[in-house]
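Heads up, there are several structures right after this.
Two complexes come next, and they have one chain in common, subunit A, joined by subunit B in the first and subunit C in the second.
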Partner chain A sequence: MSTLATNWPRYQLPRSLLGFLGLIAIAVICSLFADISVITRTPWHEFQQMLLGASTPALPPPALLAQAVLQTLAFAVVAVTLSAVAGFILSLMFAHRAVRIFCAVIRAVHELFWGLLVILLLGFHPLTGILAIAIPFSGIFAKVFAEIQEEARQTSPGNSLKQADSFSNFLYARWPLVKPHFSTYTLYRLECGLRSSTILGFIGLPTLGFYLESGFMQGDYSLVAGLLLLLYLLIGSIRYWAKLPLLPIYAVIASLYLWQPLSIEWSLLGNLLVDLTPAPIKQSSLDFLPWLLAIGRQEVLPGVINTLLISQIALAASGILALIFFPLVSQQFTPYWLRLTGHLLLVILRSTPELIIAFILLLLWGPSMLPAIAALAIHNGAIVGHLVGRYSNDIKLRRDAGRGFNRYSYEILPRVYRQFLAFLCYRWEVIIRESAILGLLGVHTLGFYIDNAFESFRLDVAILLIAITALMNIAVDSFSRWFRHRLHLQSSATARTPC
Partner chain B sequence: MPLTNISRWILYAVLLLACLPAQARIFTFTAIPDVDETRLIERFTQVAEYLSQQLAIEVRYLPVKSYPAAVTAFRNNQVQLAWFGGLTGVQARRLLPGSKAIAQGEEDQYFKSYFIAHSSTGLTLAEQLPAGIKGMTFSFGSKSSTSGRLMPEFYLRQQFQQTPEQLFSRVGFSGNHSRTIALVQSGAYQLGAVNYKAWEQQLRDGSINPNRVSVIWTTPAYPDYQWTVRGDVDAEWGQGFTEQLTRALLAMKDPALLDAFPRSAFVSASNADYTAILETAKAIGLID
Partner chain C sequence: MKPPTVTPTVTPLIALNASSAHYGKQQVLASIDFRLHQGERVVVLGKSGAGKSTLLSLLNQQLSENDESFAWIPQQHGLVSNLSVFHNIYMGQLDQRSRWQNLLNLLWPQPRAKKQILGLLKSLELNGQLFTAVAELSGGQQQRVAIGRALYRQSPLLIADEPVANLDQPLAKRILELLSKRFNGFVLALHDTELALANADRIVGIKAGRIVIDQASNKLTAKQLETLYDDVDTGD
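Our next item is the complex of A and B:
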């Protein structure tokens, strides 16, 4: 009897499926505690204005526009090239825990906050824009490059070249394997770079975002529509003008275009150090602990809780959206002309700044966490959908493979599933970072408090809160590492991060 | 030793950077983004031309987006003159002792904010904010705005003895006055506080539907926007430069130029005019 029982075939849910169901379960639990409500009053007037604007797109005067486009491109190209190099060097040392933590810290901070920090030292110099993008991107590049190399190490013929020194081993056995992945990833990162460089316009750098934010803030929806169309065009056309060998050339031209003499005033560094000193120490009082506890209670605790609630729900929702989106751009499902429409849709959804999506949803649903969650889910769902769709194109199916929903559920989904989870893990950190910029919804995330601290020139508080965000990022990073290893996820060719 | 070589080169590079001569400064000013940003560059470039004529030096306008960025540019000497709001001016002068408020708009001597409400609240213009606003949703403008945040919050606290977060069910920061109006008009937020000039301008433009959103209370008058100049400009542009600059600002009469702000004229101002703003900011906890 007992022997029979042990031999009985037991059905077991695949681990990876459990993983995603687990994420959804966590999201459902979070939504019980999250502040979600829907109140619609009279948004139609504003929507009418938006539609009117969309049908009459307008652009800034040509001279300003040309400058804005060139600056947007130049910041992105220089920053991505620099961070690819820096990220590559860091990735070679990624086995050291300290390097991993360093990278997790620098990518935990949103580009806008890096921008505000660098401005303190360099002012509105082009280098500010470059560094604001290149610093967090280096951390991201390092992580992704390291994972690509890790994959290559497992399969590489270098294992049979044990006698060779490590440099030759790398050059002859590993580099040829990882190079194509590095190259596709770097070009994908360029898309993210263009988005980031646009967003930097929000704090005053002269990129497209400068005029985009002005138009949006003034309710000039024609201008918003014109600039967004231009941004979609830039991002949609990357594959036609960006090639890896051209990137360094572009970067040199862009640097020449951006070049301005830099005169650092060292007194600013002194100012910065004073600003970073915690207030009680500056006033040489002994209230350091009460100061810390007050921030902990009033800002860190609610900030961490709200950030976690929003990001966990947004993460699961992004996953579900991505599963819906990816067939739209996959050769396995959609004919060419329809796929173009799908690509267009996903470019729009992933390139429209979350701030604008959130505003539209806020008009529709009123203030709560819901517009923030939905805006994050739409943006990230579109990115993961795009990546999974592209990955699915490489799958070779038998001629007699099923069609339609059968093909989706029995052929494609199981084959892209692990990859899908890997992409989703990458987006986790990003969602936490991006929840920072949705203060207009009155949702008190950590980013909301960081922004408060910058607005009131309390750099000591800002740095403290940024450090907490970085800690959260390190925790998420190690958890998703563990999760990936447990699920034996391959972070192969197209397993790319986030922007 | 290759490593020593590298470090030597890094040392050279750092030394070179440090020794780069600071170029002769161009007198630069900025203005915090507030009303009608879209034509900001065009309008303020005209102001720069005017100042350049009056002062016989090159004058440049540096467009800046966010309030803290404007203050930082001022403190870092990227701009020497700035058109600040009440609160940003106080913040800037605290961060850079010696800097002076020299002129303000005619209207800034008695500026005010409007509290506005969506029609569904049933609220109408009154002498005092009604107790019924408790528990409603509320949107400020930008976090550092004097008229969109600081003074409205001050009067709310004064009347209700509660923080906005305790008083309202939700408190948002729309980013600027125009967004606050759009959000309250759509009913996304039930209440909001805006700069009265921004409200009146949009009322003239026809972008406000009076059946959907209306003013329910006007705050008492307070001082707002002002021109603030760095304390060290006389050392760089010559004795008496601050006075010369003040005169040029006060003499600005061309409506096309004044429209950039938009103000009817400029009158003189001093740091002391803003003591009340400083005290209010301290009371609210925006300044230590």
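Our next item is the complex of A and C:
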């Protein structure tokens, strides 16, 4: 034994654990540079008002309400149906690099930014709402559908019919395998679509979000509470009314409901093209470079830095929150009645769009990066916690397995850890997209500068900033892919791109 | 056949009286009478599917209900495959230490536990595997890690379901000798009659969910035990 003591084997932390610790370290460094503070005006007063509102939920007048609900549903149903079809067609061509790049670009731009762009062209026509959701969703559907098909090919390579033409082959050998996944994912996207459709109200479309925003602005928290409850109800009811074969029928009815004659004024389009042209080129002056540098220094650089700071802190915080949340909904820890409470909490947290959580926290804590970070962490932590909790239910423990914290740390966490990290990595891109959007609330992320550019009608700058946001999303996505690859993290395709 | 009943003078650790067990609607064990006293070394024999594992589960259940300390080796090992050999063995003492000590050892194994477990690995012939992830070990090595976890509990009683099924004969022999030395009493399910006769004081034979043999091992021959593996059902 004495000889052993001199050359004892040294323990090395597993690489996947180092990966997460690395993300936390980066977040800590980021928080040194981030503007995190509670600018307390009267947070307790505001909080009391909110609690009071929550206990007395109210709704807008029935006629307005019916219109808002129907519009929200209609945008979501039509957009998800269209994008599922478009995404499916694109997924068949996903082997082409050009198609992959095209899909990456359209999904890298957030629904709200697409909304702001399409409004320029179509105004507040219903088609604006539909396109704003359908364009990025098509890119997402294409990617997920392609990955599902790839997985089917890998898991059952012998399942192809050698003599058959590729169409029959697909119909008989592939479709039965992938159909259930397509169906589940499409219905899941409908939930995301409802949230996006709601959020579009914040840029002026007549959905639930429109009334939510005015509720926030006027401090009418009863209205906010009522509308949020309604949103949870809509999302919670999806499983009862949404079936894949019914979706096209719903989409037709919704299109008829939304129908409005569309008149594009082509002269307007001409003006628009002029407005989108970079200012120096338009004025045929030669100071293109100084123009670009000025935007770079004043808008791009701070926007990119702030967006990155917020997302890195939010990513690590989401991970930590998910590790706290998942036992609440896991059969391994929580008795049934308590688990229901846990499920309710997580459903509420993950059904509430980040923008709305951030709005609430902003009213409480005042303008800094803190509300945005907390909103992203709460929303995404609840999603990852839900997924990890569900995954942990499949673990069969031995009879003498420990209880409480011992069970958590030794039996469950090591078994779910890799899945947890994979789920978290897939949120990376989503968090980056969303933190750009939170700029609409005044946090100086890219979204703030984009919104400003739209408001001051500097469309050339707006489009440049949107392009940069898209590039950043694509860069983060490929970095996250590299990271997952390094740590050998994998997960099924449908878990990869949740909204 | 009715098993001979032993008249106990001390209270047994386990007492099953006409117990039965069901798997869904199917009855797996019927009218089981079984007693286990301190220090007894019992081997349970029987064909696969005869109900050995279910009997061990019943014992397990009763011991847990009586709050008896015992070590347990399930057939599926119950190891955490992405934790190291060290951690899987250390888990044998989780309930005997504070949660902070456990957390510390999870993140950074401490010298004291390392020394104890290194010693164990030597006797299990698993040298040099202290920090290997269990997933990277062979079936036989994993089985010995599960045994290591049971040994590390330092409990007087062991309940084990086929603890040497994945080991070759000579190694299985050495490991069973180790278990005999380290545990005061045990109930092992085995499938090898020779190993059973060599290591048990008492042998319990199960056939089609019933105990058909319950005798001291020195009164039994290999020939008698073979009847357990006959295809012909002895009937009720």
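We take it that the second predicted complex is superposed on the first by the 381 of 499 C-alpha atoms of A that agree within 3 Å, B and C clash if a C-alpha of one lies under 4 Å from a C-alpha of the other, contacts with A are read in each partner's own complex, and residues count from 1 in each chain.
Here is the rule we go by: a residue touches a chain if its C-beta (ideal position, glycine included) is under 8 Å from a C-beta of that chain, and two chains touch if they have at least 3 such contacts.
None of the values given here were measured: they were computed from a predicted structure.
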Partner chain in contact with A:G366 - subunit B first, subunit C second, else both or neither: first
Partner chain(s) touched by A:L268 [first = subunit B, second = subunit C, both, neither]: first
First (subunit B), second (subunit C), both or neither touched by A:D220: first
Partner touching more residues of subunit A, whether subunit B or subunit C: B
Subunit B versus subunit C as contact partner of A:G236, first or second or both or neither: neither
Partner chain(s) touched by A:R398 [first = subunit B, second = subunit C, both, neither]: second
Subunit A-touching residues of subunit B, taken from the complex the two chains share: 17-18, 20-23, 33, 36-38, 40-41, 62-69, 71-73, 75-78, 91, 95, 118-120, 137, 139, 143-144, 170-176, 178-179, 182-183, 185-189, 207, 209, 212, 286-288
Subunit A - residues contacting subunit C, complex: 1, 4-5, 8-14, 396-402, 404-406, 409-411, 414-415, 417-418
Residues of subunit A touching subunit B in the complex: 39-43, 45-46, 49, 64, 116, 119-120, 123-124, 201-204, 206, 210-211, 213-215, 217-220, 223, 261-266, 268, 271, 279, 359, 362-363, 365-368, 439-442, 451-452, 454-458
Touch list for subunit C against partner subunit A, complex: 57, 60-61, 64, 72, 74, 76, 78, 80-84, 86-87, 91, 94-95, 99, 102-103, 106-109, 111, 114-115, 118-119, 128, 130-131, 133
